[in-house]
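Alright, structures below, take your time with them.
Two complexes are shown next, each including chain A; its partner changes from chain B in the first to chain C in the second.
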Partner chain A sequence: MKYSTLLLVIACFLALLLVPFGVGNYSVRLATTVFLYAALALSWNLIGGFAGYPSFATSAFFGLGAYVAGIAQHHGVPMAGAWMIGTMACGIFSIGFGAAILRLKGHYFAVASLIVAEVLREIINTSTSLTGGGMGLNIPVFTSNPDLFGRIFYSAMLALMFASLLMTIWVSQSKTGFALRCIQQNEDAANVLGVNTTGYKILAFALSGCIAGTAGAIYGSWVSYIDPSDAFDILISVKPIIMTLLGGPGTILGPIVGAVVFLMFEELVWRNFMTIHKGLLGLIVVGLILFLPTGVLQIRRSNSRAWSQMRAWIAK
Partner chain B sequence: MLVPQILANGLLLGGLYACIAVGFSLVWGVTNIINMLHGSFIVVGAYAAFFAYQTLGINPFVTLPVIAALMFGIGYLLQRTVIRRVIGATVLITLTLTFGLNLILENALLVAFKADYRKLNLAHPLGVIDVRDYVDWLDVVVPVDRLVCTLVAVILVVAVYLFLRFTNIGRAVVAVRMDGRAAALMGVEVNHIYAITFGIGAAIAGATGTLLSVIFPISPLMSSSFLGKSFVICVLGGLGSVPGVLVGGLTLGLVESFGAAIVGSEHSLTISFALLLLLMVVRPTGLMGTRAFQ
Partner chain C sequence: MSALLQLHDVSKSFAGVRAVNKVSLTLQPGEIVGLIGPNGAGKTTLVNLITGVFPASEGSIVFDGRVISKMAPHQIAWAGIARTFQVVQPFPDLSVLDNVAAGAMFCREDQTIDTARAIAMECLEFTGLAAIANNPGSTLSLANRKKLELAKSLATSPRLLLLDEVNAGLNPTEIENALKVIRAIADRGITIILIEHLMKVVTRSCSRVVVLHNGELISDGATETVMRDERVVEAYLGPKYAAKFKLEATQ
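So, the complex of A and B:
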């Protein structure tokens, strides 16, 4: 990675870190949500955008991270330590689970990844003594000062987003990114040419899982209450996909741009149409898939297969 | 343990499960689209039957063909207008599209019917059959409404099989499933067949909903559980084959009822999903060995 890129990223991070001192708590909360969404979109982009594997497992990692960190905090682990435990648990889980299901392709992989969240949700739902089951889990709040509280989580999510961004830049410029793009374009050919496809897929899946798990862990402390249907909501898996498609899959900044645009939509809809917001979200999803499948940032990848596929599709 | 009773429960449930999944499996196998709307279609059918009985007093078994016909029209039009545009796209695009459509339908159902559970209570309950009255040593009780619904469900599944086997349109559907391009060259209008397939999927879903409304309480929130069951059954039995769905449905029914008896009914969902994951890793072609496109 070039030093100039690194310096630019760090400068952006420091500048954004100062924002909460100038604006109200609502804006801080909204910005924290943007960072959360952007981190999830960047996480999905690693496996879905670079490697082209249609993963619907984001909510599984998100919920697992939230629950592991939440339970750890219940047993007296300090917040930051609990987040790390949550991240590690998701890393281990995603390696083991990835090794099992990354051999599947296309529809089978999509369904398998979709079902993981359901399995985890049911397990957590039924092990009431440890997780609180359907009653949910209260996570201790460390301060009653709303300004400090908001700023801590703003900084934590911001840091997570920038960590994910740096990881994405590293992946995209390293051999790993090259291997993942090869897998996306033609996995068999990549395999024949000596790319360790299984290893790189598992690596991408594990990185993706770690980011989503950390996001879940921070989210749990932020809202200080999680329940199985909330933490493993399938929308947590689908929203990052929408954001990434909106911004441009396989790009570096695409997921972040997509997250900002998506949250603006969502906030408008959510504020004005409370009872039908899910339906309107569905309309946005359908409209996006039908009319804007290449994303708003149509940069890079102009030669890639996905691009030509989509062009052919539009012409259809 | 009451093994014969558990076996009977499992088989009764399994027949219904086959009917829940047959349309989903057909659509997945033929058009290569994972139809996330499937669960909501079942709920639509269930509510149509509920209100037809509640307000007009028409018996659900009489409304069943009407609901199926209406759902066929809805499915056909939906495929022709919206879903047609993503045929052949990657699973990410097709699945996300149907997911978005499902969000719209689910929200509409929730606004229209609220999240309350409702139950269709027949004015003249059908009662139960105590098998002991006929066979001394067999300690089994069978509720007649379940028995009738399961029989109708199995008849529907068999009807789909016969339709695919012995009618011109059915054979065209099979041809498109085998090789869409070759079928097109042979003069099959592929887009029409896709829409018919989707329509049949929706029609069977609506009919299943009608049957389920007689047995279980219904709510818009149940659609995702029907969808989950369809996934499991399809993977269990193998995609796109009707006998596979029947085997998958009966297997799931038996697994769930024995699982509920052995480890408790709260774990039955975990068992079936864990079974699905295990099977995908070990034997992704399903018990019957048919595999879809990828």
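So, the complex of A and C:
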């Protein structure tokens, strides 16, 4: 990684760290949500964008991280330590689970990854004594000062997003990223050329799982109450995919751009069209696949090929 | 001299269809062996077995003293076996240079992206693709895609190269060029198995020919001898012609 890139990333991080001191709590909360989803989109981008494996397991790692960290805090582990335990649990789980399902491809992989969240949800639902089951789990709140509380979680999510960004930059410039791109383009050819496809796929899946797990752990402490249907919500898997596709899969900044654009749009639609907001989100997905299969960042690069396609389609 | 590649009674069944049946074969270092046979004889299946794309149902494959029949494709590539695909398999969105660099990067030890690209450039110069090194893999003509396959496999620094119909679909001029490249590869001391339909290419390049028919090895020997083998003629042209051929030969 070039020093200039690293300095730029650190400068952006420090600048954003100061923002909460100048704006209200609503904006801080909204920004925290943006960072959360940007981190999740960056997480999905590693396995879905670079390796081309359409994972729906984001919510599984998110929920697992939230529950492991939540239970740890419930038993007296300090917050930061609990987050680390949550991250590690997701790392180990994703390696084992990845080794099992990453031999599937395409739709088969997607369906298998989708099942994990459901299975984990049921396990947590039934182990009432440990997890609180369907009643949910209360996570201790460490301060009653709303300003401090907001700023802490704003900073934590911001740090997670930048850690994910640095990880993405490292991957994209390393042999790992090269191998993942080869896998995405033609896995069999990559394997015959000496790429340890299984190993690199598991690595990408584990990095992705760790980010999603940490995000879940921080989220749990932030909202201070989690229940199975909230922590393993399918939308936590789906939204990062839409965001990454919107911004540009396999790019570095695409997932962040996609997360910002998507959440701004969602906030606007949700405020103004309460009842049909999910329908409109569906229309975005359809539009994306039809006109921008490689993301909004590509509009500039390909000299508006997407726009001419769109015009041609409308003219029909 | 010890054998480079040994196949012992290698078989492969797909749900009851025996695609390769008890094939035994020994290759010495430096040989160029032609592997021929009618369509569906099991030639490509045999290549897939050697490169580990799927495991053999029975038998063992030994490369340079190591049993490779249970290894994954990437481990076999690391051991020194490279192949080209009959249906060319470029990475469409990667540049031609990076297509080739992938082979160098993951098969040779201690490579960075930059050193792998340097090796890739040498391979592109060798195969005559250096001028289009920065074009995406998907933009190449068929002849150039076949060359790209060659360059990719060469970048892995193989000791055994399996060429699966590198000349299929090429015109006579392109075939001449491809033959020059194949001969130059052989001059580097790389052992080659050449799967071919064009007999002209086989007779010109190979001193030894192996014939597969319905998954079985029916003939193995010097090119001239194999061409006159009754079973080979029968496999290609049917028993009626083989009888006629035999009659003419005796007269």
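Keep in mind that, in the parts below, the second predicted complex is superposed on the first by the 296 of 316 C-alpha atoms of A that agree within 3 Å, B and C clash if a C-alpha of one lies under 4 Å from a C-alpha of the other, contacts with A are read in each partner's own complex, and residues count from 1 in each chain.
The criterion applied here is as follows: contacts are C-beta pairs under 8 Å (C-beta built on N, C-alpha and C of every residue); 3 or more make two chains touch, one makes a residue touch a chain.
Just so it is clear, the structure is predicted and the values come from calculations on it, not from any experiment.
> Counting only touches as set out at the top, which of chain B and chain C does A:175 meet: first, second, both, neither?
In the superposition, A:175 contacts chain C only.
> Looking at the overlay, does A:48 come into contact with chain B only (first), chain C only (second), both, or neither?
It touches chain B, and chain C stays clear.
> Is A:190 in contact with chain B, with chain C, with both, or with neither (first, second, both, neither)?
second
> Who does A:88 touch here: chain B (first), chain C (second), both, or neither?
neither
> Of the two partner chains, chain B (first) and chain C (second), which one does A:281 touch, if any: first, second, both, or neither?
In the superposition, A:281 contacts chain B only.
> If you look only at chain B, which of its residues touch chain A in the complex?
Chain B residues touching chain A: 28, 32, 34, 82, 85-86, 88-93, 95-97, 99-108, 110-111, 224, 228, 231, 235, 266-267, 269-270, 273-274, 276-277, 280-281, 284, 292-294.
> Tell me, which parts of chain A touch chain B in their complex?
So the residues of chain A touching chain B come out as 48, 52, 54, 56, 100-101, 103-108, 110-112, 114-116, 118-119, 122-123, 125-126, 234, 238, 241-242, 245, 275-279, 281-286, 288-290, 293, 309, 313, 316.
> Enumerate the contact residues on chain C facing chain A in the complex.
The touching residues are 51, 53, 72-74, 77-78, 82-83, 85, 89-94, 98, 101-103, 105-107, 111-113, 152-153, 156.
> For chain A, which residues count as touching chain C in their complex?
173-175, 178-179, 181-182, 185-186, 188-198
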